[in-house]
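Two complexes, one shared chain (chain A), two partners (chain B, chain C).
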Partner chain A sequence: MSDRIRALLTRRRATLLTVAVLLCLPPFYLDAFWLRIGLFSMAAAIGAIGLALLSGTAGQLSLGHAFFLAVGAYGYTWLAGDPGPGLPTALAVPLAVLMAGLAGGLFSPVAGRVKGIYLGIATLALVFLGHHVLLTAESVTGGFNGRSVPPLSLGGFTFDADRELTVLGVPFGAEERLWFLGLALFALTWFTARGLLRSRPGRALAALRDSETAAAVMGVDVARHRSAAFVVSSMYAGLAGVLLALAFRRVVPDYFGLVLSVDYLAMIVIGGLGSVAGATAGAVFVTALPLLMTRYADQLPLVAAPGSAEGAVGPTEAARYLYGAAIVLVLLYAPDGLHGLARRARDRLRRRRTPTTVPDTAVPSPPPPAAAARPKEHTP
Partner chain B sequence: MTDLLDSLLGGLALGAVYALVALGFVVIFKASGVLNFAHGSLLLFGGYLVAVLHDDLGFAGALALAVLVTAALAGALDRFLLQRGGHDAHSAHVQTIVTIGIDIVLLTELARRIGGDLLTLGDPWGDAVTELGPVTVADSRLAAIAVSAVVIAGVFALFRFTPWGLSLRAAAEDTEAAALMGVHLGRVRAGAWCLAGALAALAAVFLAAFPAPGLERTTGQIALNAFPAAILGGLASPTGALAGSLVIGLTEALVVGYQSELHMLGDGFGDVAPYAVMLLVLLVRPNGLFGAKGAARV
Partner chain C sequence: MNDRTTEARADATRTTKTHAGGTSTTAPPELAVRDITVRFAGLTALDGVSFTVAPGSVHALIGPNGAGKSTCFNVLSGLCRPASGAVTLGGTELTRLAPHRIAALGVARTFQNIVTTQGTVADNLMLGRHALTRAGFTASALRLPGARREQREHLARAREIAELTGLGAHFDSPVGLLSYGDRKRVELARALCLEPRVLLLDEPVAGMNAAERARTAEVVAELRAELGLSVVLVEHDMGLVMRLADEVTVLDFGRPIAHGTPDEVRRDPEVLRAYLGTDATDATGEDAA
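== the complex of A and B ==
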């Protein structure tokens, strides 16, 4: 038995290593367009994982994610920028993440007490009020036109295209360099989030989602755990905001609107609620789809090239149809999302491969991911 | 003083229109536990129909048809998409997110059709105004107040006196018990959605009428301001929705009316004032003003 576990662990480590190596390859082979898709996907995945912790695990519906992304992005820009303290950029990143966490903490009087759908609307307020502040506080945010983001520099190495850098015969511009930064931050998010889910607080949150009353009886401090989940989720959002700001090189208020919040909700729903891998898959889907459709608009049937006659279905619209339909179809026919689909496919494959042996006891299949919220209590 | 009266009347008219929208939220939430994020695009759909049809059918005919078609669309969305998910509280959360997907599809299609145009609805009030003592009011605003009052009274009567209203209240109280007593949940739900759709289409007319420039692709977003109104009053309470809408409408109108005095809050604070009010209320009463505190059974 222990041999099998060890073999499994070795195999898992080998898989991990392979994936890591594969993820390091793209900058050497792909051009800036694909790298940018990857970068945005990684940033979105970081934010989506944070939201998955909150909505999927703690059972809270949040539409305020765009606000915390904005806090991270603008926090970094202000802390490291000219109107602002002008701190070293390497210090501005963690401080911006802490700022997002602080903003989440300030909201905890609401986040700890208001639940489910009410919280969804309450966080909606954050997005609108935040957008208003971004537009009006011009000295900090630059107003409607936003402000440019200072590039990150770590120990003399700048994530920017200013100085020539060639690695293995490939010129490394901003996208190539940022790719590795994004990868590192994504790995950090992935492992911390998975660790958190399996930790004691993670289990407390899952209990809270399944039944608030039962969890409270078991000694879970309901309000404290709810607010903590909110703070952690906003810190991940802040990190995603920083990475997005670095990738965009300019932050503007209109980007951080309600649509962005809905996008993040869609990511975790399409991916499968409450799972880190699902949130990542959903983030890639939602981020890459419109960009890819815009790029290949001329080769797609029924889709007109951007800027053609008014009234035609452009690539942006086609992407939005697909994406809206994906939300509806996934929720109606596969409520556990891409993650659940993948798991079922894997189970079926495994069963077909070993039809006679007893089910593999060393790999207990994970319990079905419980979805949005507590199953059986009525929200008043 | 005139300014104040002006703002109050404007706020009353705005609140009356919000009440139509917020009542839709409440009816849907009571019947199905779903918060309908597609309400804004249903509203836009109704307005768009009136805009397209009023040349051929006249305003009244177009409005009647738009109300019917929007009601049918809302009912069909519920019957054929949402109700597949079931009736319990958990699937209500999932269905809430489904409405976001519906909203994206519907809104994209309508925005594509409307483009950058400003559509007129051909309403009979035009830009006429009435002198009421010291203040001048647009006729469309008076019409909004009058029509909303009548319609809302009708909806309350529907709740109170019809078998459907009784079924709705029973289902909201206890879904299972109502089903056991022979309430046809699917039909009650679909009926509630139809009613909400009809109210949204009606609201669209007043949102696009003078002094607003006309129906544009962003008109549906105004419905978002009815979210705070519905939440403020407590999502399951029609009376609360009415009170919340008036609070939100008056707040918005007063903030806009006294913008110069409120300069430190920044330009355009009127647009976000409803949300600020809602946050303040939720801090004190997490279930809204009229919301009952949920009792959890173990």
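== the complex of A and C ==
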């Protein structure tokens, strides 16, 4: 038995290594367009994992995710930038993440007491408040036009295109370098979020979601864990904000609107609530789709090229229709999202491969949960 | 981000066994309920209820539906604050404490209708270890060695408790796939994972078939013998109550109407009246049912 576990462990490690190597290859083969898609996806995945912890695991709805992304993005820009303290950029990154966590902590009197959809409404206020501040506090945020983001430099190495750098015959510009930074931050997020989910705090949060009463009598401090979930989620959002700012090289207030919050909710719903891998898949889907459609608009049927005649469906709109449809399909047919689909497919494969399983070790795959969305009843 | 202070206090006052699974060295403290009154918008759910659970005994709380048994449990576990009266465990007043602090003092409960969380049996049992463990958000996120060791040790103890309650074979199964009786047992095992000094069981065998009932009764009797904990039991199955309980308190419409050993209570005219209506002459048949 222990040999089998060991074999599994090493196979797991081998898979992990393979994935890591594969993820390091794109900068050597793909052009900046694809790398940018990857970067935005990685940033979105970090934010989505944070939201998945809050909404999927702890069962708290947040529409304020865009606000915490903005705190991270602007926090970094201000901390490292010229109106601002002008700190070393390597220091500004963790400080910006802490700032987002602090902002989440300041909201904890609300986040600790208010449940579910009511928290969603309360956090809505944050987005509007944040947007207003971004527009008006010009000395810090640059107002409507935003600010340009100072490139990150780590121990003399700058994540920018300024100095020529060639690795293995491939010129490394900003995208190539940022790819590896994004990868490292994403790996950190993946590692920590999964660690959280599989240990004491994660179980406490899941218990809060399933039954607050049961959690409380088992010794879980309800208010404290609710606010802690909110703080942790804000910190992941802040980290995502920093990476987004570095990738965009400019931060503007209009990006951090309500639509962004809704995008993040779409990511975790499509991916499957409460799963790190699901949130990542959802983030890639929601981020990459509009960018890909813009690029290939001329080759797609029914989609007009950007900036073409009125009345035509542009690629961005088409992408929105598509992922709107994806959400409806997911809610109707796979309420546990891409993650659930993948798990069921894997279970089926495994059962097919071993048709005569030992009865007492074979665990049937759980039945798909009842559809989360029920069609509205017709009211006369 | 954890309850370091509470837990430290709980650890200091707690003299029961460690995670290694040895037996307790001292008897649990006395649980005293004094003159508890609970009102819900005009309805008096509990009216001056008093009883004392002697250390290490099984105390049954019986009464017709709506007598206030579950409300009494909610007061004991801190989910419901009484209008007057006090509950003390040893020297500690419980009525003003939040539920999680009461849990940290070693009071665990199960629910009448099953309240488990998603995930495997192991996940549920590990939730029961929450008050006994201290890995916080940072340590867990970074998977620090201390947090991992703690998880490993407590998982081993949870597995022992699963074996003890007959859930060993289902330890890694999702709770949603278990039978009704097994899910009910998951609740019991989860409560035991708190290493409680006082265990509150709200209808532990309701809805179970005869075999499952017998098995659960066995487990409870075994627990009490092995771990020496006090048990407060709410149950409609009189056979089980008569077999397990040392003392019985009977509630009717929120008022205690009788108190004593199972045999005394069985013969009490007030009890017969409450259960069978007036002019009851022979109720022993019902009791044995």
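Observations
Operating definition for what follows: the second predicted complex is superposed on the first by the 358 of 380 C-alpha atoms of A that agree within 3 Å, B and C clash if a C-alpha of one lies under 4 Å from a C-alpha of the other, contacts with A are read in each partner's own complex, and residues count from 1 in each chain.
The rule we apply is simple: a contact is a pair of C-beta atoms (placed from the backbone, for glycine too) under 8 Å apart; a residue touches a chain by one contact, two chains touch by 3 or more.
This is a predicted model, so every value here is computed, not measured.
Partners chain B and chain C fit side by side in the overlay (superposition on chain A). Legend: residue contacts after superposition of the two complexes on their common chain; A:Thr192 is shown touching chain C, with no touch to chain B.
In the superposition on chain A, A:Ile117 makes contact with chain B only, while chain C stays out of contact range. When both complexes are overlaid on chain A, the residue A:Arg352 reaches neither chain B nor chain C.
Once chain A of one complex is fitted onto chain A of the other, the partner contacts of A:Met218 are limited to chain C, with no touch recorded for chain B. When chain B and chain C are set side by side, the one touching more residues of chain A is B. For the three-chain arrangement built by superposition, the Cα-centre angle with chain A at its corner and chain B and chain C at its ends equals 80°, in steps of 10. Contacts of A:Pro201 after superposition on the shared chain: chain C is touched, whereas chain B is not. Between chain B and chain C, the minimal CA-CA distance in the chain A superposition rounds to 7 Å.
In the three-chain superposition model, chain A touches both chain B and chain C at residues 211, 213-214, 217. Interface residues of chain A facing chain B in the complex, by the touch rule stated above, are 61, 109-110, 113-118, 120-122, 124-125, 128-129, 131-133, 135-137, 211-214, 217, 258, 262, 265-266, 269, 310-311, 313, 317, 320-321, 323-328, 331-332, 335, 371-380. Contact residues of chain A toward chain C in the complex are 191-193, 195-196, 199-204, 206-207, 209-211, 213-222, 224, 228, 232, 360, 363-364, 366. Within the complex, the chain C residues that touch chain A are 1, 3, 77-79, 98-100, 102-104, 108-109, 111, 115-119, 123, 126-131, 133-137, 140-143, 147, 151, 169, 172-174, 176-177, 190, 194.
Partner chain A is touched in their complex by these residues of chain B: 33, 35, 81, 84-85, 88-90, 92-98, 100-105, 108-109, 112-113, 115, 224, 227-228, 231, 235-236, 265-269, 271-272, 275-276, 278-279, 282-283, 286-288, 291-294, 296-298.
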